[in-house]
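One structure is given below, encoded as structure tokens.
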Amino acid sequence: MNDRKQSDKARLQLMIIRIVVYAILIFLTFLCLVFFYMLIINSTRSNAQLQAGFSALPQGHFIDNLKNAWTDASINIPRGMLNSFLVASCCAVLTTYFSALTAYGIHIYDFRLKKPAFLFIMAVMMIPPQVSAVGFIQLMYKLKLTNNFLPLIVPSIAAPIVFFYMKQYMESVLPIEIVESARMDGAGEFRIFNQIVLPIMKPAIAVQMIFSFVQSWNNYFIPALLLDKAEMKTVPIMIAQLRSADYSKFDMGKVYMFILLAILPVLVVYLILSRFIIKGVTAGAVKG
Amino acid sequence: MSKNVKNPKSRGVSNAKWGYLFILPFFIAYICCTLIPQVMTFYNSLFMNYRDGLKQIGPKFVGLQNYVALFSQDNSGSVGILKYFGNTIILWLMGAIPQIVVALLLAVFFTSYRLNIKGQQFFKTVIYMPNLIMASAFSMLFFTLFSPVGPVNQVLIASGWVDKAVDFLNIKISVRVLVSLMNFLMWFGNTTILLMAGIQGIDQTLFEAAQIDGANSTQVFFRVTMPLLRPILVYTVITAMIGGLQMFDVPQILTKGKGTPNRASMTLVMYLNNYLTTSKNYGMAGAVSVVLFIISAALSLIVYNSLSSQYRKPKRHRKY
Amino acid sequence: MKKQLSVILSVITVAAALAACGGGSSAPATTAAPAPETTAAAATEAPATEAPAAETEAAAEESGEGKVFNIYAWNEEFKGFFEKYYQVPDGVTVEWHITPSDNGAYQQKLDEALLNQENADPDEKVDMFLAEADYIVKYADDAATQDITALGVDDFSNTYNYTVQAASDADGVVKGVSFQCCPSALIYRRSIAEDVLGTSEPDEVQELLNSWDKFNAVAKDAKDKGYYMTASFAETYRVFSNNCTSPWVDADNNLQFDPQIEAWIEQTDDFIANEYTLTAGIWDDEKNKQMFADGKTMCFFGPAWYFNFCMGNAQDPEKGCSGDWAICEGPAAHFWGGTWLMAPAGTDNPTMLADIMNTFINDEDVCSKLVENEAQFSNNQAVNKKFAENPDYGSEFLGGQNDVAVFSAMTDNIKWENHTIYDQLLNEGLQNSLQEYYKGVSDKETALKNFYNYVNETYPSIITP
């Protein structure tokens, strides 16, 4: 009797908590979606309608805007998306792989410079990227690497923040015992990393891949200073260019359509990778 | 860092070699792409070095003169860098505290078997979405929404709440709230996913064991989840702080680089940017960078130490 | 002034020709010849583009000019005109380097390229770049650009004087040309003028608004009838600042306020206090909204490009008021904007560069098309005159008024004086800082102090009060 009462109470409590939780989630969902909604609405409106003021209802210019954006003579958006995709994928792969490798090197092995190396990375993590940007641009000019994707891709090998994440993640999920048992089985060090450690790190890698892909996809500052040939431009440069194009072509409907196009691929990549995170419960792998 | 010491077998010459080999690519890339330009920047802070039109002035060694200039009173009678540091901290805290609290709550909600939230994939996708949109586009959207002729004011006037358009972008508190709100929206989903990955990385049997021992969900959260989540939480707090100190795009675009009103929303990096864009004042910019570096290093050390000192115990427990 | 200039120019031309002969011994003997020939052809023959282009090509091959012509620009405007109206010689590829001007990105990009010009590969060298009036001095008065008269661009008989002065360095050496001329007019709503002034005829309106005293008095009348005189506090800024009698900095690099700037501040104080204008900035939506049919603002200021680029709202088929507009000179002559084609030092395509410049200032056919098809006010007086005197030519947007005639009449009064390399950002910075004061956010003193802080950060060499 008492037990049932208590479980009833607990159930009621759980229901109230559930309602509160769902209410919070719905509120946050609204906050997040309202801006996408506005973006989509705006992409259905003509420039004149946009200039005239705000509206909560869509209007019939979506196809016009899409056509204008796709066939724009000076801004080749398919090309830009291809470029951005290339750069962002390379960055995502390099960043996660080498950060995990570095974190593994510091986490598992003991060597004299281990602590200084770790402290060094921790220290440089705080330096704002804006600080090195100008020197970097000058260097790239000297090396004649402008209008080249390498300066956008290669630096992603060294990402202190991603390294730090991987290191922290390894501390919670990668006991040394796994590595040692693999060694006893005669596996080489590189094979241990690629075939045993990387799979365990999958959730962390998926998360960081999304982050670095998005970061690279949206990156404007450095690419804008390094890329200026039409066939090399990435999406953010094109959007900025559209916005600061001369005023006769200042078609806000087209601008919103470009922004919409610019975030769609990122969204798709995100949806694909987010499955890894949910599946990636690694708890069992460490047991024993 | 001392945990491997317990395992003397794992040390040795060949292992050290592998360690160096594994961290080598990172350091090569870092030195070439970041360190050299950075060292150039720091070195520059000791020189008078700027452009006047296309003419290069300097570099001329001036010792610490740039730092003296940085910490002396400007035309308004305040020390610029301290004011902008204050702005940055305020803007950061206003966004980061709700961001981490909400993200922690959501991560617990989503991973809780008891709550068993339906439509998780949908919610997670949605809360992360603001992070996908380019900061510049997002700021532009806010700028339009809250302009004196924007929809927010249209609604306010139509409903009779105000009789004259509110100039949101020229009122100190509303600018700060808007900047924080945008930072919150852009990053809380990201933080949630990070923390979820952290919680999912925790051995599930620990939760089960705690529940069998009769712990309620609050106890599980504070006694099991939190301690085990600390490494990721430290990471979250530190990166949020680094992101906060580097805050630039959002206030820059929202206030058109002016930090309106009366420079109350000008952040440290916006200030740095002021020196970099036109005058290429590498001397002053270098000095601001060094100060920024010292501040962020100090803050990170404090957070890192205070948070990691508490998790020694559970960690040892986990590591047997 | 004109006489002096032409004397200087001819001296330079002769000197350059001599230098070219002297230095040309290693190249084929014909190097110096094609350039003037091209100029002559471009100036006289009507469908000129084809013929000189062929010649240039020959010249390019003989003189071994570069195969890639690199043009730096911040938007697509000139690219459009260039592709329509200029015949690129065979064997030469034009490479456009377009960087948006946001946050000064264009100038940063250009500066790096120019400073690197000497070491760049021939195919990577900047062969031409575009510059705006607001910062042209920075490039014209620097060794990064070269004398175009030496390249064969030496006929300025039809170009407007101020456009030549703007592209000249302190010694009067011309470094570039503008393909447009941008006298800026007072643009008013006919219907509101009718209500406030009792007339909407440009001549009569001009008579009633031809001085600041009259303008300010009319502002009060407009307010009494429920209108705004202008839609932005900064609307009249250029009308004052173009007529400054002293530069922004004195000989010792001290920041100084010209009486014209002081007068603008005073007028704006008055306008804001009496609500003759809005606190909107010059590009703000709040101002643009006033261009719709239901707008309450009588006066705007802008040049020919302003109609198409900035008055989209007025031309909106549903909510606009096309035809309800007219222009007159207003209280003072001034100009706004303009795009100059500049000649960088070290280009490896000097002949083609000169040919492009000549095409856009002296080719009557091309200049006519710029007026007719592109709504430009060309930088060719003869061509503009043709349109100004054509009774059938008129702008529908301006209710049939012949805008070319009005602009032509204004050009003589435009001055290019007292400009510095700092103008653009000092003008912007002052307006930005004072806007906070006009919006009531800070007091005037604080606003000015913020302006001085801005100056210190932007131009370390300027000494602020």
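Observations
Order of writing sets the chain letters: A, B and C. Residues in each chain are counted from 1.
Just so it is clear, a contact is a pair of C-beta atoms (placed from the backbone, for glycine too) under 8 Å apart; a residue touches a chain by one contact, two chains touch by 3 or more.
From a predicted model like this one, the values you see are computed outputs, not experimental measurements.
Taken as a contact graph, the chains are fully connected, with every chain touching every other chain.
Contact analysis places A-B first among chain pairs (by count of C-beta pairs in contact). Computed from the mean C-alpha positions, the centre of subunit A lies at a distance of 42 Å from the centre of subunit C. The distance from the centre of subunit A to the centre of subunit B, each centre being the mean of the chain's C-alpha atoms, comes to 15 Å. Multi-chain contact residues, meaning those touching two or more other chains, occur in subunit B at positions 144, 149-150. With touch defined as above, residues shared between interfaces to two or more other chains in subunit A number as follows: 53, 138, 240. Touching of two or more other chains is recorded for residues 108, 285, 289 of subunit C.
Listing the residues of subunit B that touch subunit C in their complex gives 50-55, 57, 74-77, 80, 144, 147-150, 167, 170-171, 256-258, 260-263, 271, 274-275, 277-279, 281, 284. Partner subunit C is touched in their complex by these residues of subunit A: 47-48, 51-53, 74, 137-138, 141, 144, 224-225, 228-230, 237, 240-241, 243-250. Remark: subunit A residues 14, 17-18, 21-22, 24-25, 28-29, 31-33, 35-36, 38-39, 53-54, 56, 98-99, 101-102, 104-106, 108-115, 117-118, 121-136, 138-139, 151, 154-155, 157-158, 160-161, 163-165, 168-169, 171-173, 175-176, 179-180, 189, 193, 203-204, 207, 210-211, 214, 218, 220, 236, 239-240, 259, 262-263, 266-267, 270-271, 274, 277-278, 280-284, 286-287 touch subunit B in the complex. Taken together, the subunit C residues at the contact with subunit A in this complex read 74-77, 79, 95-102, 105, 108-109, 112, 116, 121, 124, 285, 288-289, 292, 305, 308-310, 312-313, 316-320. Residues 1, 3-5, 7, 9-11, 15-16, 18-23, 25-30, 32-38, 40-41, 102, 105-106, 109, 114-115, 117, 120-121, 123-138, 141, 144-145, 149-151, 154, 185, 188-190, 193-194, 196-198, 200-205, 228, 231-232, 234-235, 238-239, 242, 245-246, 248, 269, 272-273, 276, 280, 282, 285, 289, 292-293, 296-297, 300, 304, 315, 318-319 of subunit B are the ones touching subunit A in the complex.
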